[in-house]
Amino acid sequence: MTEANLSAGNGNGSPRIGVYVCHCGTNISATIDVVAARDVAENLPGVVLSREYKYMCSDPGQEIIKDDIRELGLDRIVVASCSPCLHEETFRNAIADGGLNPYFFQMVNIREHASWVHKDIKAATAKANDLIRAAVRRVRFHRPLEARRVPIDPRVLVVGGGIAGIHSALTLADAGKKVYLVEREPSIGGHMAMFDKTFPTLDCAACILTPKMTQVRAHPNIEVMTMSEVVEIDGFVGNYRAKIKHKPRYILEDACVGCLECIDVCVFRNGKTPDEFNLGLSKRKPIYIPFPQAVPQVVLIDPEGCIEFRTGRCKKTCVEVCAERNAIDFTQEETFSEVEIGSVIISTGFKAFDARRLPQYGYGRLDPVYTALEVERLVNASGPTEGEIVLRDGSKPKKVGIIHCIGSRDKNTNVHCSRVCCMYSLKLAHLVKEKTDAEIYEFFIDMRTGGKGFEEFMLRVKEEGVTMIRGKVAEVYPEAGNTGRVVLQAEDTFLGMVRKIPVDMVILATGIEPQADAEDVRRTFNISCSTGGFFTERHPKLAPVSTFTDGVFLAGACQAPKDIPDTVAQAGAAAAEALALIDAGHIELEPNTAFVVEEECSGCKTCVGLCPFSAIGYDEGKASINEVLCKGCGTCVAACPSGSIRQNLFEDEEIFEEIVGVMANV
Amino acid sequence: MTAYDYYPGCSLKGTGKPYEESLLAVFEALDVGLDELDDWNCCGATAYMAVDEKKAVALASRNLALAEQSGKDLVAPCNACWLVLNKTSRYLDEDQDLNDLICSAIAGTCPSISGNGKGASFEFSGNVSVRHPLDVLYNDVGVEALENAVTNPLSGLRVAPYYGCQIVRPMSPFDDQHDPMTMDHLLAAAGCDVASDYPFKTRCCGASQMMTMPDVGIDLVSLLLEDAVSRDIDVIAVACPLCQFNLEGYQPRVSKRIKAETKIPILYFTQLLGLALGLDKKALGIKRSFVPVEPVLARRASDD
Amino acid sequence: MTTEPMIRSESDRDPEFAAWFTSLVEEEKLRECIHCGVCSGNCPLASHMDLGPRKLMALSRQGFAEDVLGSNTIWLCTSCYACTTACPQQIPVTEVMYALKRRAIETGKAPSRHPVPVMAKGFTKMVHKRGRLTEAYLIAGLALKSGITRYIGMVGVGINALRTGRVSLKLDSIEKRDELSRLLDAVDDHSKEVSVR
Amino acid sequence: MSDKPKVAFYWCASCGGCEEAIVDLAEQLLDVAAAVEIVFWPVAVDGKRSDIEAMEDGEILATFINGAIRTTEQEEMVHLLRQKSQVLLAFGSCAHLGGIPGLANQFDRETILETVFDSTPSTVNPEKVRPQLEFTENGHSVDLPGFYETVRTLDQVTEVDYIVPGCAPTPNIIGGAVGALLSGDDLPPAGTVLAPDTALCDECGRKETKPEVVAISEWKRPHEVLIDEDLCLLAQGLVCLGPATRAGCGSLCIGANMPCSGCFGPTSRVRDYGGKALGAIASLVDSDDEAEIDKILAGIPDPVGTFYRYSLPASRLRRAPMERPLEVAAPKGE
Amino acid sequence: MSESVDTQVAGNGFEPMIVAFFCNWCTYMAADLAGTSRMKYAPNVRVIRVMCSGRVDPQFVLDAMAQGADGVLLGGCHPGDCHYQEGNYKALRRYRLLKRLLTDLGIDEERIRLEWISAAEADRLRDVVNEMTEQIRSLGPANLQVPQEQFVKPVPISLEVSV
């Protein structure tokens, strides 16, 4: 390509380029010789001006660019600073303010990709120079573009009906938006519904959650789909379409009034199946309601346990008693439905660590060993023991050990800190102490009480006489002599001695893990996971509820372990982000779409089948790209055998020039 | 008939003699061949590693090199030997520099392995796995074959399986690290009443300290035995000559230490399997126990 | 009543030792200890140790070589690997113990008549020479070198072993003794630790 | 001396097919011959290098050069003719892109010489005699041209005004080129390939038979299958490079039921014919699994020969890496 | 490892130049994350951002090599994770054929590499860059950028009769 192909912004003559090298305080300038970089840039063809400055993204920094555009007639801008993911938008806006098309701009990433990852100043500076040279060469070929505007469907899909999903859904619905709330369990409520009290205020979890659940049920703008899962999603921001699978409940949801008579008359006199909601600490019948406050207030049938399903010869007393409403339907099958939405909030929550994975703690093998979640049910008034703390052998514990960090802070299981265990362990210590007056030992590694009122709560629990031992229990084994007790062996690192403490009850503070199927959810919604398996936010500081997929937001523990207040705050934030999108009515997208140059196209159709979004059509001997459907991947551009497809912002010339730029010094 | 190379290790020729006797008898009864490795040397145990690492590796490597000549899997009944040989084989696999060093040393100094003459060279092919008898009996022979061969089930004999430390840690290629079960299953197949409540099946017995710091050793053994006494264990079954000697040899001192009469026979699991297979007690080395075994067996008979 | 000073000044630290120590395990893993105490809690010998593995590691990281190499902790370790498998930071504690033992012997910091190093040395000597170990001779040698009195309580065991035919008084050795000792000499190289990976 | 415009033809590393192509103009040739004076055409007309050397600079209106540049003599002649001509045309694929002789750039010079003078089964050369640059006997000496390490295209040696593409150029293309030159007006910018700037599909008779989605699970070679005479060849699993190749030939090969092998080279938008064609062809593979992809692509046994059949010297890499890139100029054995 | 790579720059030895084409959504982000995590790796790679590995035209790879790159690294999303559903598969298909073409031409196969690196895998990005840099360092320069004068100098067939 020759200089003749250059398109100057001012319409005539050669481009007038301004280069700005940012110090980013010392983030860049400590490793990259910014003055040298500026000098190198100054001598590149087309560069009219080159500056270095402390903080290009600051207001004064942006003002410099604007002034230079106006005063020196710059028509191309290159800023060498941080990642374009961070400030590309900032500088484009500044350039537009300066009166130039914002796409006459190229950003060079010399911080994340150079100064922060190298130590050798010479090598890092050489790399920065190469990258700046590439940008200068490339920007000469930029053309004026306009952002694409896409309308936003105001309906929102909320995936997961725990406290995060509930709060998001209510916020959106109160703002007048239609919400589809999808929950895979038979009731919304999530883990919070299982808790007894919440730390540090000791509010009753049910007392604060159930009103919100009822609101969800009653809200005209919310459509709750339980026993349902999103199996497929396609489209793009503002215009998604989700396919939802509904598992059979064997009850007609609209007909059931939640009288629960069918449960009473079931041919099973007593429950035989471990009750999921009580973690198996009690039994339920095959026709049941998950818990008294369940939403929807509708029973369901578990075909595994139901005689009718197993033999087809049940008396069906349930059907008899429901004759009037006729809500029971043994023939229900899995169904699918589709909804159209503009944005999605993912609030799929967490999975409690399975303590069986650490056999040295005896869970599942030694009767006195419980998980924290089980104890939540034990202390709960509506739990299997109606709030009495009774052990599996029927006795009340006199000595209780609580072991922190089970499945957290452990490279053999999860490296991360689960963030809530210290506090919920203190809460359980308090509750168990209150109910049994047992002697309680908290074995912790580090007591993490960073939160409003948390430290005060810890002091209160100490005052109540709970013994704090700094050291993780190494082993739990049955005490000699058939006492039924177990011995906790740990180094008390305060004392520097190993201690053996026999107790009646052990509570394992199990950590928070991503849901077992987080990987599937991630794929379905095309978002990413961090190393630990939690969903990745767009930016850890500045976009904590956004994802890299526009219009898909995160709320709650699916993003990282967090407590209820943080979950609710994040759920509100996710709802607000969705509302901002909806109320803008449209969204501006990168104009990086591809287009076919008609007179160059031979109609070979190579591109047509390659587009995953069916954006390429073929008509009258030529291919053409539907700009609305094009997402700008550029696959067709690379494949076009006659070079007749271009991609805005990523034209062949631009990339070839970048190659020349980075290689120019070789 | 499947056959293995057999690496007895020093103990099985001394204090662990009944282990060797019963092992050979049981394997023969189950039609599994064991061919003693020609001119094997000491594995080095834990002591050598504490003095000189490279030499410790070289020492164990010589045995692996010998075993590679037949290519059969190598059965090492002593836990310490089993671990040292396995660990060495892993080092050789993972550390190429070390592997080169050892191979060239073998080539240069051991004509009986690498052949005579100049340019003798040696390379590990990695074709030999080091196996424990528990592994072989459980995974190769199988519980079912054993069950079928049992003629004299040891019902009513309350046996605590004790695995010791070095066959489950740091590697546990054939069993669960925290709750190993292979011996439990084998003993159950022999009809034993397996004491699954015995909590210390992988706790270190302290054997390596018994000679050097007897007080410490006695402490560790006491813990293991005291618990067994409290649980009415008839016999503790072991899979390692060091554990056996340690748990058995000091019971009079333990009795004083815990202030309770301690007379629990410590039998190799192979001895128990041999009894169940109806083999001759003498051939199984039962008579070589310090703690008399007959009373326990007799009590079982009277319980029947 | 003797008193041990419970204060350490910076001059007690040996930076070279600290650097050697942290380089034993790749990726500075040894610095990642979170002091949960599981190693000590799991250690069957912790009850007899002056430091226990956790404190030993902490002192080593800080370079207190004298405290570490002079401690009984390293000699009490029986290599049962309970600490290694339980460590939440996956620190190979047992292998580090081996390295500390070797360092103590090499630098002459091992207590001179302490039975553990004495036995270890006797063991290696016998194996180097004969290729195999004869238990009775090892014990006899140990008793002579580290003080015979402590073994008086062991006499009963010895008699039992003799009675049941479990003691061999014949010094065992392999055929190719010369090959083995030449092999061991050929790898006499202390330039690099290999085991802690 | 006539005042008809002077025209010259010259051949470098080529097969002679391009000369044939001129003869193939048939009656048209007579028209051309009548309109111009052919001052130099070694293959057909007697003439000496000295005749050209005697000419004024720019005396020749147009010189058509076919063949790639392989020897010193070719290079000298090309420079000479360039000097004497107003317009220099690269004629045919070899001059344009390097052509078939350019495939020699997969090997180094020594390998080629060794093959030719030594190792082919039909060679009998026990003394391993090789031609020499100079040979003197009885005071008479003869010399031979030097042989370059690398084959080059004409425009890598000298400035080229126009390109007449094809292996060989088809009569319509030649006719168009000559016509444009003689009419003298509206000449395109220098460097232009005198053929349409779209791909061959545009003029292919089978275009409309190509389905919108082509996904290939097995590549086939022409001798392996019965080829449907109407259906798009790519759709039949044949590696037809028409989509990547400049139009203008009238899709002659496809008319003869053979896939396009790319002699007209790329369109002006493409910098590396082979790279582009390879990208397009590979994209059509119907698998996302690496092993299966490899299996399907194994149906293209010789990627270099397939995608760079006519254009290796014109490719971005120009040739296979040389063992001793800095030593090539030094004669062997010195 | 990372440090040793970084410090080798100071020496006078051969420094490989690697041109990389990174997908905006995964490998480019991983490189950003490596930066925010202050990981250290070899400074030999020059990253050119594309929206998807599917945008990478084999011409780019050839062009970079022709201009003197000693290696070319392509970074895309893991199979099944493409931001555009399947662009990475297109990249894979082209890469497999291109790699064959290059190795047929006699170019070391280590010089071109396609890696799947998700946005979270900064450590992998670091390791891949370091590993590739070291591999190419040991291979030496690619020498694919053949200076013009080497085409121009005449080379005689042979001056003597070989024995």
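By written order: A, B, C, D and E. Residues from 1 in each chain.
Convention: a contact is a pair of C-beta atoms (placed from the backbone, for glycine too) under 8 Å apart; a residue touches a chain by one contact, two chains touch by 3 or more.
Predicted model, so just to flag it, every value in this text is computed and none were measured.
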Intersection of contact partners for chain A and chain D: E
Separation of chain D from chain C in steps, with touching chains one step apart: 2
Centroid comparison with chain A (C-alpha atoms), farthest chain: D
Chain whose average C-alpha position is farthest from chain C's own: D
Highest C-beta pair count, chain pair: B-C
Inter-centroid spacing, chain E versus chain B (mean Cα positions, whole Å): 53
Inter-chain centre distance, chain C versus chain E - centres from mean C-alpha coordinates, in Å: 49
Interchain centroid distance [CA atoms averaged], chain D/chain E, Å: 31
Computed distance of Cα centres, chain C from chain B, in Å: 22
Two or more partner chains touched - positions in chain C: 47, 82
Overlap residues in chain D, where contacts from two or more other chains coincide: 270-271, 276, 279, 283
For chain E, residues contacting two or more additional chains: 57-59, 63, 86, 90, 94
All chain pairs that touch each other: A-B, A-C, A-D, A-E, B-C, D-E
Of all residues in chain D, those that touch chain E in their complex: 72, 75, 106, 109, 113, 127-133, 144, 146-150, 152, 156, 270-272, 274-276, 278-279, 281-283, 285, 287-288, 290, 293-294, 297, 300, 302-304, 307, 315-322, 325-326, 328-329, 331-334
Contact footprint of chain A on chain C as seen in their complex: 34-43, 46-47, 52, 54-55, 82, 86, 88-90
Chain A residues touching chain D - in the complex, by the definition given at the top: 599-606, 608-610, 618, 621, 635, 638-644, 652, 656
Complex contact set, residues of chain A against chain E: 83-85, 109, 111-114, 116-120, 122-124, 126-127, 130-131, 134, 523, 526, 528-531, 536, 548-549, 592, 610, 612-613, 631-635, 637-639, 647, 650, 652, 655-656, 658-660, 662-663, 666
Chain C-touching residues of chain A, taken from the complex the two chains share: 360, 405, 409-412, 445-446, 470-475, 489-493, 496, 498
